[in-house]
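First chain A sits with chain B, and in the next complex the same chain sits with chain C.
For the complex of A and B:
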């Protein structure tokens, strides 16, 4: 509201004074965004710190100061908070370690298959990209059904093709990761593929022509032209995919609900359980900060790598 | 789904001038066909299960093609007393549309002075808001939730629309685009006595339609697909968005696969329609956004 009325007054005020002076105008444009930015981005960070240092009890109405108690809990082996926080943080890290290389390599492979013209190229691009537009709950329900212990399509196909007995994917520790990882690849591969396709389109064809004149094999062209030329995109894809993987939440919530026995529970799911299900807001806020710091260090490292790469490239 | 049939036309177009290369391309084509089949199989299985009776859905050996096609699952899901898919779709549409309009407007208003005006603190403010991209969302989850409690915004659209609306990536995107617009256009308008708001409205924004649309598409998709935040801030069945509502079905119909798949198919339809309409923007937006080489 303030925006629509504010600028005309300042522009008339500015007209008689041609010499440069500080005008209010730009600040009025910034104001609406800035107000909401402070309210919902800057303030919650401080408020979260405050919550994590107090014992937040919605029922009693008082919030006594407890200092670092909730942080100490996270680092004191034996408390449920410490046990589950580190277990689920490891789960999330495990998921990231497994899924990122698959998502990067498979996306590059798909992009290479689709880069040169081929019959049905538009169709294939659409097929590989489309799953990504589904919401995580649709994708999750679908893959839970695909890997259903008894009559899921995966077990049915194993039965039809190899007469193999059904595997209880969803209720076996370790194996329960398979539907989550496979579903995630199906869901997000198309995004990375599209980034790679755009990058492949930017590689100058003259490089390949020169290489083939010099007698380079296709593998040598790939190894010494494609891979280095794609390095900036690869780094970008790795960073964004890894950051997204650390945010794992919906896939494991819907497909396995974190089970069996928390083996696929993500750290964000555990934090929300501690906060919203157990109503331990202060403890959850403290975990949010610890995990946030973990992510921040990870992100900073990635940014450093990107900056270095850009300088070299 | 519907995308499966039409592509023969673009296919033959691109193939025509290269027919002699076909034999060498055949293995590549076959690999792509197998991969496409694998990618489409879950979607096919979802739709085919949704058309089966409950007995057929869990029959062994599996029915690859539904024997007795029925729309009962769809009818029951659409008229279920446990929740209303159409209502959830409307909630999602309303929230995503309101969020998108507000987000694009806020980002444009902020990007404009940052890109086109000189004033003290300009760079400092730009880097300050940009640095918030480093802060992971999990840090503000609990405090923002408590704020929603204090505002009495739990179970309201407000909780779904306001907290993320002043996003910063959009400011960055639009600022980069606005900076590329030639100064001459703006100076000519200024000589004609246009105010800065008129310049923004008549010159900058019309020239920025592609980047505005890209930002809008991503804002809409982000809000439409948001899951974690609406899952905890909206517990009232009538106020739920589609992704959250569908999961309540999945908890209720845990063994009724036909109904479950009918509800996920219905939940996928708006996204598929949107994809078909916005395909061009989506893929080109994705491949240019954030990747400046």
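For the complex of A and C:
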């Protein structure tokens, strides 16, 4: 690690002390992170790629190179991988499409309400933030019970209020998403809300004052001041929430175990099943890479779109 | 499962009662080699952990030449780590492996066989254990593990409710016909009519006959029924075969209980049925024996019996799970004394006295001598002890995951009425066999 630094070309009032020609110092600062980065990110990715291209099992004497066989499985109709990978990838995407707008809009709405100086503001902030500290298993069991086909609170309430017959939430395709989406919103809303609350605190009040002098309606202030001023936070919230939603795993595992008929199984749950239940490590690794690529493209596209909005806004 | 540790005085009495069984074996498990230290990896991390730790402490005191150092970690972690531990020659000396994983590890060469001579020297007599339980760890004619813990699918029944509808609460059903009659009598609508009477309203049930539901535990009722009818999960080539005529007929009977006889609730979940049984609304609740504790604490008037022959008349059968002591494959030059000492440890831990202590965790006895102990004479669980020899685990083929996941899905589709039974099972078998075909390549 030797680096030659060009001598400073700009002359300042006080001439800088002559620097040593080679400086290791910056690299020493980078070293701890670089070591961890290579050890826990670069190396595993490389090893994962190796696994996905071989018929890999630590216990077997040979680990023959099979090239793209496990990738081909994913794109060959009729194989279990093609059937279930794309099905569960769609499930995960569907969950993201449904939950992200709700999570962002509800968080913004709550933040706007709780930003005002209302009585019990801190209490309500805590109420909405609190569920986030629960583990996914606690949250999952709670919402599974709420929506149980026979003994759930939701069906009991429907019966008590409207004498409506029970709905088999957990065993009906489509409806089984309801407890997962509702539960996830309840569980993770507080984090986004907190981000929005912090951002709202940073919007200069003078802008609103100027707007009100110009006769702007509350809606106009919101549309032309609040929304643009919050745009960078919104970008951050949308991207992190979308990525988190794509990593859906625990909620559907605990609430529906992916059922009925794999209709709520997340792609990560399926990859885990292929790897650790079926002991098909190479196949699971290949699917992991395809899914990773999918997310990379998705995030890049989202970033481009949103970044443009932020700039233009 | 919160269980108090087994009281010491009772243990002593139990040991005296077991004296005849334990005495001749005590001489067989001696170790006179140099002092060795054994590493022992197991997954008993819950309330069963202190029981295992006290057993190991006792072993270490009894055998000063062998010191066992145990590590408890979640089962899943062990399944992920074991291959790399074995491959790198750093495997623990003794590892506990469960029934659904063991054949896979055996077939992949992670576990070493226990020869007849070794078992004999160590005083481990296969005949002492329940046959199918010991065979769970067998593969291609060789033994690979010794069972120390066992759970099983049983049938709980509500004695009060059975009495109320005119059934003998001390004679739970054993055959398909008796089962159906009992279920029909127990299924009573809100106006008091039962499932055999005219004008019976299946939509407004007050009580019902049997709990069926759609998760993997629920699917184990179908597993039992298939075995009872002479069916099997895999054929002799170890391909999935749970769509045989015997299997279809057995599963059809269970699905008919929901869809035709209306003596079980449709669209139900394990939680809902568990709550209903606890509230005295269901006569018969087939499920894991691990719920015993819960019903006992509730002071319900219930009984436990072996799963009746609902599937057919070929044999008694119920699903069971088990944990086996195994010796992983070690690097060349592994200390032979360690293996001898490990066998002594396995032998000691599987002795009747130790197994009796272990039943305090909720495990079923692994052998007849323990099941006959006076401790169980008046315990409800005693109701299944006459047929513990008919508890069958999912093992014997390396791809249990590839067979059981599609099977559970097939049961779900059939129970929910999404597919006819034959089609649900056919689809499950076809999916399982595609996955088995891929898995087979790993074993070449």
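Going forward, the second predicted complex is superposed on the first by the 260 of 313 C-alpha atoms of A that agree within 3 Å, B and C clash if a C-alpha of one lies under 4 Å from a C-alpha of the other, contacts with A are read in each partner's own complex, and residues count from 1 in each chain.
Note that in this section contacts are C-beta pairs under 8 Å (C-beta built on N, C-alpha and C of every residue); 3 or more make two chains touch, one makes a residue touch a chain.
Everything numeric here is computed off the predicted structure, so don't read it as measured data.
Colleague: In the superposed model on chain A, is it clash or fit for chain B and chain C?
Modeller: They clash.
Colleague: Should A:47 be classified as contacting the first partner (chain B), the second (chain C), both, or neither?
Modeller: A:47 contacts chain B only, not chain C.
Colleague: Once the shared chain is lined up, is A:171 touching chain B (first), chain C (second), both, or neither of them?
Modeller: Second partner only, chain C.
Colleague: Once the structures are superposed on A, label A:58 by its partner contacts, choosing first (chain B), second (chain C), both or neither.
Modeller: After superposing on A, A:58 lies in contact with both chain B and chain C.
Colleague: If we overlay the two complexes on their shared chain A, which of chain B and chain C does A:90 touch? Say first, second, both or neither.
Modeller: neither
Colleague: Just chain B (first), just chain C (second), both, or neither: which does A:135 touch?
Modeller: Touch status of A:135: first partner only.
Colleague: Applying the touch criterion given at the start, work out whether A:149 contacts chain B, chain C, both or neither, answering first, second, both or neither.
Modeller: Touch status of A:149: second partner only.
Colleague: Who wins on chain A residues touched, chain B or chain C?
Modeller: Per-residue touch count on chain A favours B.
Colleague: Scan A:224 for contacts with chain B and chain C and give back first, second, both or neither.
Modeller: neither
Colleague: If we overlay the two complexes on their shared chain A, which of chain B and chain C does A:75 touch? Say first, second, both or neither.
Modeller: So A:75 meets neither chain B nor chain C here.
Colleague: A:276 contacts which: chain B (first), chain C (second), both, neither?
Modeller: Both: A:276 reaches chain B and chain C.
Colleague: Identify which of the listed stretches of chain C (7-15, 25-33, 43-51 or 421-429) has C-alpha atoms clashing with chain B after the superposition.
Modeller: Stretch clashing with the third chain: 43-51.
Colleague: Using the superposition on A, tell me which residues of chain A are in contact with chain B and, in the other complex, with chain C.
Modeller: Of chain A, residues 58, 144-145, 148, 150-151, 276 contact chain B in one complex and chain C in the other.
Colleague: Along chain A, where are the residues that touch chain B in the complex?
Modeller: Contact set of chain A toward chain B: 3, 7-8, 11, 22-23, 25-27, 29-30, 32-34, 36-37, 40-42, 44-45, 47-48, 51, 56, 58, 110, 113-114, 116-131, 133-138, 140-146, 148, 150-151, 153, 156, 159-160, 186, 191, 194-195, 197-199, 202, 232-233, 236, 247, 249-250, 254, 268, 271-272, 275-276, 281, 284-285, 288-289, 291-292, 295-296, 299-300, 303.
Colleague: Could you please specify the touching residues of chain B with respect to chain A in the complex?
Modeller: Within the complex, chain B touches chain A at residues 3, 7-8, 10-12, 14-15, 18, 22, 25, 28-29, 31-32, 35-36, 39-43, 45-46, 49, 57-58, 60-62, 106-107, 109-110, 112-114, 117, 119-120, 122, 125, 129, 132, 134-147, 149, 162-166, 168, 171, 195-197, 221, 224-225, 227-228, 232, 242-244, 246-247, 250, 257, 260-261, 264, 267-268, 271-272, 274-275, 279, 282-283, 286-288, 290-291, 293.
Colleague: Where on chain C is chain A touching in the complex?
Modeller: Where chain C meets chain A, its residues are 76, 79-80, 83-84, 86-87, 104, 108-110, 214-215, 265, 267-269, 271-273, 275-276, 399, 401-402, 405, 409, 412-413, 416, 418, 431, 434-435, 438-439, 441-442.
Colleague: Spell out the part of chain A that touches chain C in their complex, as residue ranges.
Modeller: 55, 57-60, 73, 79-80, 144-145, 148-151, 168, 170-171, 257, 259-262, 273, 276-280, 283
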